[in-house]
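Take a look at the structure below.
Going in written order, the chains are labelled A, B, C and D, and every chain counts its residues from 1.
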């Protein structure tokens, strides 16, 4: 069984997640620029989460591209990832509407952390099913970014709780920037002839 | 006519169902952990229904994979299944917001039961159109899980009404766990050479 | 240019239309069976519209299946159809919440009529681009159902306004039943060898 | 890597954007024709935005059709375009509910302008990756419409602020009409044999 339908379903869920987040931007009743002012934190948290979902879609795209065979384990590891990502609109709205208050900003990091762990589980599940010499296994061999992200999420959660939510926000932006570049290791190895298992 | 577009449409509907359920998790007004407390039942019912829709997507995926020819009857049996599944977000929200009260918990089981019957009708319709010697017919020959589920749903409905909604909830979890493993009979037979009709 | 992406986009829009309609079924606050009672008209109008969108998806599926070449005109005729269908959730909710009152029931028919006209325009546009001897042209040659539906919609609108909304509702159900069988003329001609243009 | 999954994801997001806009058409409580009257501005702004999203889908469709290779830069330029388009439902609802008041009508133009710039960036990114002699590069060589639109958006924004929102509305309609015809330059060049790079 190929990965086409898995990709189609994941694309659908990610497309819906990225789009329903905008529903948290409630249309204001006033018709002046001032009536947009209270929406700024919601808009900023929307933009941040849009980038995060985009990053997940992007990397998911690359990872499944080298996945030759879909097993039951991969299907469920993928749904597990989508579950945590489906909570992103909720925590995005909560953080935005509360103007980056302490607890919502920390919980936002918790959901990002759980999604990151779910992505890591999916990666391991795919590698295990494709064999240790597969393209993906070698591509993520020295997965610096994948190891750094959870650490930074934990730091951000602690910073939100004990320092200032602004520090957490800065860390979320840093992780996003770090990932904005798609996983070029996979791209490079997958495109070099003779490397596909 | 192949099953590609049927799969695409079903994937779309299932992806939307699984994602709009999260809209029942209304963003709370407070910014403390306490303001999340009343959301726990909604979150748990969301997670349960997420797994159920995932199971349906998963088995649907496997079933259509062995469906060579799509007839009008299959199209409508499929829409019938999607109809009952589209009510899952409604009953999920109702059960969650009422903290697993008696009637909503029973009605949740009724919708699961009707979706299960619709899945069974779809399976029969596909088998009939593919012929009794088809891969699917042999794969579901001794469909123990498919026969047990409706029975457990009926038991859960009765338990919710006459014993305690918690018993029903436990039964819903048991059915979900039972199905979490994808239908390996189909996978096994479909992947063994010479077996495809 | 093939019709694949046109189908994918249409499938997406129809899948979303069919699913967001269920959002009009607002989760009631009470936890008793009585609290579901006021939802019956909304549920019935939801089920009716679900069948209608299903019919459109089904016939759209068959029609595009014989469309070999997508032109700009076809793209816009298709979007025009999707526009009127996108209003179905609105009129469905309005009719249901007002318990099939006179004006909402008539306006429901107006939207169905406009969608029907848009489908007819799309059909003509496809036939014109494929040539008068194409599969589709011959298939819809004696399009009895396609000519009867708009007439019945007009009758239903008049019946809602001047007789009783119940008569209109019965006519909507009759049209739906009439279409439930997919367009077998196309299916038959398209599947007979040597007939494809 | 081909453009299939990029198209599928974009189709999904555009299908959701075009459909959730209709949720701003709130079902009125009354059951008379009068209760629809206050919805006219919302309906008109919905129809306008529906056409705009349709235009973007249409041109996006044509542009990606000549894109042979998807790079990381193209993925992100595409997400950047989807980001601004995802704000269209918000500004559509705001403009409609405020009956085309000065500020919402101007902000509507700002979002259209930013989406137009994002489309232009995506086009440049694709051309750069495909080479200056590619089909697309030649097709958009004398991109009159692409240069005129941003100018007209700026004029519309200024007109909304300093003249009358109606002038801005007329300009938005003019730009939409101008684009309703799909990008025939690409279609013509792409379909002429020997022109594909």
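Heads up, the rule we're going with is that contacts are C-beta pairs under 8 Å (C-beta built on N, C-alpha and C of every residue); 3 or more make two chains touch, one makes a residue touch a chain.
Just so you know, these numbers come straight off a predicted model, no measurement behind them.
Asker: Return the chain whose centre of C-alpha atoms lies at maximal distance from the corresponding centre of chain D.
Answerer: B
Asker: Same or different interface residues for chain A and chain B, judged by whether over half of the residue numbers are used by both?
Answerer: Mostly different residues form this interface, as fewer than half of the numbers used are common to both chains.
Asker: Rounded to the nearest whole Å, what is the centre-to-centre distance of chain A and chain C, using the mean of the C-alpha atoms as each centre?
Answerer: For chain A versus chain C, the centre distance works out to 37 Å.
Asker: How many angstrom between the C-alpha centroids of chain D and chain A?
Answerer: Here chain A and chain D have centroids separated by 27 Å.
Asker: By the touch rule stated above, which residues of chain A touch at least two different other chains?
Answerer: Chain A, residues with two or more chain partners: 8, 12, 15-16, 20, 23.
Asker: For a test of understanding, state which residues of chain D touch chain A in their complex under the given definition.
Answerer: 1, 5, 8-9, 12-13, 15-17, 20, 23-24, 72, 75-76, 79, 82-83, 86-87, 89-90, 93-94, 97-98, 101-104, 107
Asker: Show which residues of chain B lie in contact with chain A when the two form their complex.
Answerer: 7-8, 11-12, 14-16, 18-20, 22-23, 25, 27-29, 31-33, 36, 47, 50, 54, 57-58, 61, 65, 180-182, 184, 187
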